[in-house]
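Labels run A, B, C, D, E and F following the written order; every chain starts at residue 1.
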Amino acid sequence: MLEYCVDERADREDVDVRVVTSGSKLSPEDAADLMKLAAQVSPQLTVVVSPNATLPGPMTVAKEFAEKDMPTIFVTDKPGRKAAGDLEKMGHGYLVVNADSMIGARREFLDPTEMALFNSEMIGILSATGVYAFLTREIEKVIAAIKQKREITLPRVKINSELATEGFFTNPYARCKAIAALEIAEHVAKITTRACFVEKDRDTYITLCSSAHEMLGAALELSREAREIEKSGDHVLRKPHMGDGSIGQKARLLEKPVKPSSSPAKITDT
Amino acid sequence: MLEYCVDERADREDVDVRVVTSGSKLSPEDAADLMKLAAQVSPQLTVVVSPNATLPGPMTVAKEFAEKDMPTIFVTDKPGRKAAGDLEKMGHGYLVVNADSMIGARREFLDPTEMALFNSEMIGILSATGVYAFLTREIEKVIAAIKQKREITLPRVKINSELATEGFFTNPYARCKAIAALEIAEHVAKITTRACFVEKDRDTYITLCSSAHEMLGAALELSREAREIEKSGDHVLRKPHMGDGSIGQKARLLEKPVKPSSSPAKITDT
Amino acid sequence: MLEYCVDERADREDVDVRVVTSGSKLSPEDAADLMKLAAQVSPQLTVVVSPNATLPGPMTVAKEFAEKDMPTIFVTDKPGRKAAGDLEKMGHGYLVVNADSMIGARREFLDPTEMALFNSEMIGILSATGVYAFLTREIEKVIAAIKQKREITLPRVKINSELATEGFFTNPYARCKAIAALEIAEHVAKITTRACFVEKDRDTYITLCSSAHEMLGAALELSREAREIEKSGDHVLRKPHMGDGSIGQKARLLEKPVKPSSSPAKITDT
Amino acid sequence: MLEYCVDERADREDVDVRVVTSGSKLSPEDAADLMKLAAQVSPQLTVVVSPNATLPGPMTVAKEFAEKDMPTIFVTDKPGRKAAGDLEKMGHGYLVVNADSMIGARREFLDPTEMALFNSEMIGILSATGVYAFLTREIEKVIAAIKQKREITLPRVKINSELATEGFFTNPYARCKAIAALEIAEHVAKITTRACFVEKDRDTYITLCSSAHEMLGAALELSREAREIEKSGDHVLRKPHMGDGSIGQKARLLEKPVKPSSSPAKITDT
Amino acid sequence: MLEYCVDERADREDVDVRVVTSGSKLSPEDAADLMKLAAQVSPQLTVVVSPNATLPGPMTVAKEFAEKDMPTIFVTDKPGRKAAGDLEKMGHGYLVVNADSMIGARREFLDPTEMALFNSEMIGILSATGVYAFLTREIEKVIAAIKQKREITLPRVKINSELATEGFFTNPYARCKAIAALEIAEHVAKITTRACFVEKDRDTYITLCSSAHEMLGAALELSREAREIEKSGDHVLRKPHMGDGSIGQKARLLEKPVKPSSSPAKITDT
Amino acid sequence: MLEYCVDERADREDVDVRVVTSGSKLSPEDAADLMKLAAQVSPQLTVVVSPNATLPGPMTVAKEFAEKDMPTIFVTDKPGRKAAGDLEKMGHGYLVVNADSMIGARREFLDPTEMALFNSEMIGILSATGVYAFLTREIEKVIAAIKQKREITLPRVKINSELATEGFFTNPYARCKAIAALEIAEHVAKITTRACFVEKDRDTYITLCSSAHEMLGAALELSREAREIEKSGDHVLRKPHMGDGSIGQKARLLEKPVKPSSSPAKITDT
């Protein structure tokens, strides 16, 4: 989804995006393969998205890209936060998304439909609560620096529920509902981890997987309520990309986005 | 999302997936680039996903892959249905997803957050109504043929609301809600197309974009109700991939998926 | 319902209403019968409400009333829009309500309960989105002209979702939800028409009828959300009839309606 | 709405319906006028619908029709129940609908939109809870007797929440929700009566009118939940009119309605 | 619940609370027993909470406390309002909570779970609509008088839906929803009283008990909507106890509560 | 609430309940005071309810009751689980309710209304998910032993989400929703603990308190959905107290509760 976030209307001429992935699997062999593909693209900025940046796959990538001096941001779920120190030492940036929890990956429960539903709900939560806006802003700061040939400062942030929602809402209860949604989403991992790796009894682990997905459904509902509150006051924050790749900003539905006077980074500091 | 559908738990050893994309843009140059990347992977089956298969980008791919005799399935939204004849002539398969409508792509309305929300809702609808299950089944039939070294028959289907939901629900009202969801989703394109390509007045096109997304939200709610009805009767259909890549089937939450006696294709005939 | 709209509190002394109908049937014979009854009332303004003004029944009425020089407004659903030219030639007015879709009229599905439910939902949508307010305003303009013995200009409007909602909402998202509701309601006819006149397989046409009614239910929910948003901002537009038959206006619940300085027609021009 | 209930698909050849009304007003003069119109139709059965059968208007009709020996059923709201004795003495039938409460008829609150919304909600409640089915059944019994030239027994029933819902639901909680809806709807009149006839302070009577309509909204939601429960079990009772005017019956969505072996009256005795 | 209302954060040093109860039973013997316990506490103010203050149990207490000159406030449900005269004569205060209706106390329906659910919903309604705020304010007035050694005026109020909600809401529709909730809650007693004391048929009384609880569920939903509206405008009224036991007041979530310039009683007079 | 659970209809003659509490405060002095009151009642079984059994107040009680050989069950929230070992050594029983989380006890946020709402929601969750049924069953086992003069075995259980819901639901998704509700409720404490004891910035701790209460609201909604699913299948488990104090059991709304053949304890073992 992130690849669309930097060019949501497919009309941006200052940026070219290439994505290579290995589907759901993430072995070191897959990683090696992907790096070969990536190498041909010679990216100015690489964003590696992985549920767990501490695993051998992403770590292989991290090491090779460090050696090649390729500026790289690792976007990872909460388990990947433990890689933060290593990534920083290698000169990489990272964005840890605490709320992006593991799915209930048990065969008796997870089929393509349930998998897609879970991801749909997670994307819904991450977008409505401001997490994607946060990620986009951080990546855009780096892109802006590259475009302006300024020195690059890679982001190194663990995005918790407070940080993600800061400055994204006008109504304080909307923000509270968003935080509640993110906290619940984050807590999902505690249940799915147990269901996938600890419990051996089939009834138990199916029940836990299904319970965890119900939690995510409740989180989605909260995030939707947050946005509906903002709609009711006509102050949904929108930050579309402008023609030149900078990020505009607006709050009332029928107004034009305003281009920030200075750098895109500053807009969101308020 | 489709790449995850063939291996939802990342534990399948009979299939290797590689995805290469150009983000949101789809120009012929992007297509050429992607084909270079794809060429190195030498896939046994290629699935090209494009909102509109009639555009120059996907058509370039179609021609080149036809020349190279690479078996290819084009998954496309409703506007792409007009490419069906050409694709068939070139020997390609296609799966047209009528309900997967165009987003409200106007700068004053669409930012990364709104874009991700729309996609989240669309994925939610397509999964809960059975569309992903349909796509997975069709692609799996081809994979099964490749594995068994049988002759490949590429799917050529326009997936409307009735087809997508057939056999996916036990409760008839659940199916009706799913059809209702898909019909509304499909109708979204009529509004967004006008908003993006016809209307010049800003207030008008913003209002139409926003109205179209509200329609999708209502469609999502209907699709969710459909699944909740199935939950209330404990007959949510699940079709997880088994260890050997075949597709199991189950309906009661706490039961084990049953492997079909014969080919995966037959399972869904019931 | 329209008969109540011109005198919602039954306390208006400047207007007398008479309604004659033939229930659900609309044959030319019924029409002839009704005209006999109508003739005795010698109305100053006749409003003919018919789902489809192009049918022989309403057309018989149109011709006879044209001959008798009786000013008549035809209120009709979308299929009736094709009669617009003919009606105009005969000197009649018309108000086409696009969103007022055909019911799922199959015996296996439609009983008195389901019929009343559908109509309840349609009335709910048409009122909450501003369609009844629109119709009332147009009819009142003619009544005002008759009372003031000014020349009568009969309305000739096709009321689409944008037109109906214009000026009816303060919050822009409320309007978008209303437009979404009307678009879905209008789309219902595509499904019911097929279900009633095209499909022969029983399971198919029952399923389609039921799906269409589920769509209407979703549209009702959207229209309700639109009004709830206006309530949350305390700006529900109300336009009650004043004692003298003019139309007052107010937005805050606890304020008094204000009588427009000039003609009722002008109020809604803002 | 009742006129559609006896011929919900407009395809019944054994019955002809004519409706004459005076809109929202109900004065004795209006009544006299309507009787003149009615006289010309020479009905075999007359159904008079009036919110309050004890008022001079309907009473004038009752007397005249009694003199003319015209079999008449008065359908009236709860305040009309006091006319029951008089109506019975005159030989008339009556059906008192307890739940059909008075609207919040204050100028500062009630405009055409609010009026239509209230009626929409009331129709929704009366249909989903079984009240229209009850009314239809009682009227059909008389029509059947007329058709079969049997002696006519006019219905004399006060329809409370228990009576209306009896035999209409399979799931007992669905019935309880329906009863709850009807009880709330009935209670609305206590608030609106006070608001319209007792309270003089504007803020107070507006607030009470609006509160009463909120109560009805909650009642509608309950009645909708009742029907959704029946949908989740696929046992929504449907009683469509058959080709010959008898009443069929079915419960599963995809089955055919079954014609009762004997008289329509017996179907609902179970 | 009331005992927590005077010291919601357990940090108040100017007040000590003791509660003695006999669980759900309320016989005169229980009352005698409780009075013995109460006597040892020598309270400065006694609050007796009883569903029906006219019963022998509470009346025994009333008489004894009157003899002992102990200032006492009786908090009672609607049936207890008939004790108002007697209580006043004995010098006691009373607060009649009209909305606090009797539970559906039939063995076939009411178990500990259903009982707790009903109470949960009733507490939710009474709090969200302002009833607890009303009770707290009245009791605090007396506490303040005791602390300031002023003469005590015991409250004597029958709290109906209008009184409870007055001054508690900013948005007028929020107040209307709260009134609607309280009216429905109050009406519950009509159904449960009949179910518990009149009806002998098991199916009937179970159905009525369950219907009454469904009504309360709808009332809770309305009260929740009322609060959500206030949240959407960021004007939820909060009146926390300050460190010195006075009552602060605030409306915006992130602001500090303001201490009233004079006595706590005056705050709520606005 | 627990005191009502053992005698939900106030008609049980084999048990007498006395409750003494100190409101919201729980100091050792309060405890001493309460014990004096309790001593006069000479209870056969004492149940001490405290949010945190490790605090000096409850511990004082534990020690004194241990010395006096009074059989006591401590019902405590999750923080109290650390007292389990000590309580067991003293011969006491305990029931730890993991889900019963701390309230958001900050002055700027918590007033009597918000406090009562939180408790209402917590009671709603604990009842609808089966926690109260679990507590009741465990306490009843001891009461039964006392009545039958059998040896008493005090319960020592940490009630997590799985344990609470086991055997309480027929539909497996209902159970999953209940578990989800309890998991969310349990997680609330993490946020409120930080808000109350760690964060110093006012905006931060208010926001966290409010977010935690939003989480509880979402949990309540899930628990409600769980019960609604059981209603839709007409299998809400009910376990009312029978006339002799034993616990009956039933599932269909209109059936009679069945008395277990043997001891009440056995019923729930299935």
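By definition in this document, a contact is a pair of C-beta atoms (placed from the backbone, for glycine too) under 8 Å apart; a residue touches a chain by one contact, two chains touch by 3 or more.
The shown structure was predicted, so the numbers you read here are calculated from the model rather than taken from an experiment.
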item	value
For subunit D and subunit E, chains touching each	C, F
Fewest touching-chain hops separating subunit B from subunit D	1
Chain pair equivalent in interface to D-E, over half of contacts matched, among B-C, B-D or B-F	B-C
More contacts between chains, C-D or A-C	C-D
Rotation angle superposing subunit D onto its copy subunit F by C-alpha atoms, nearest 5 degrees	120
Chain centre separation in whole Å, for subunit E relative to subunit B (CA means)	56
Distance between the centres, which are taken as Cα means, of subunit F and subunit A, whole angstrom	39
Distance from subunit F to subunit E - Cα centre to Cα centre, in angstrom	23
Residues of subunit F whose C-beta touches two or more other chains	172-173, 176, 207, 210, 232-233, 253-254
Chain contact graph, described as a line, ring, star, complete graph or other shape	other
Set of all touching chain pairs, with the criterion as stated earlier	A-B, A-C, A-E, A-F, B-C, B-D, B-F, C-D, C-E, D-E, D-F, E-F
Subunit B-touching residues of subunit A, taken from the complex the two chains share	1, 3-10, 16-26, 30, 33-34, 36-37, 40-41, 105-117, 119-121, 123-124, 126-128, 130, 132-133, 136, 202-203, 206-207, 210, 227, 237-242, 248, 250, 253-257
Touch list for subunit C against partner subunit A, complex	171-173, 176, 229, 232-233
Of all residues in subunit C, those that touch subunit E in their complex	231-234, 236, 252-254
Residues of subunit C touching subunit B in the complex	161-162, 172-173, 175-177, 179-180, 183-184, 187, 190-191, 204, 207-208, 210-215, 218-219, 221-222
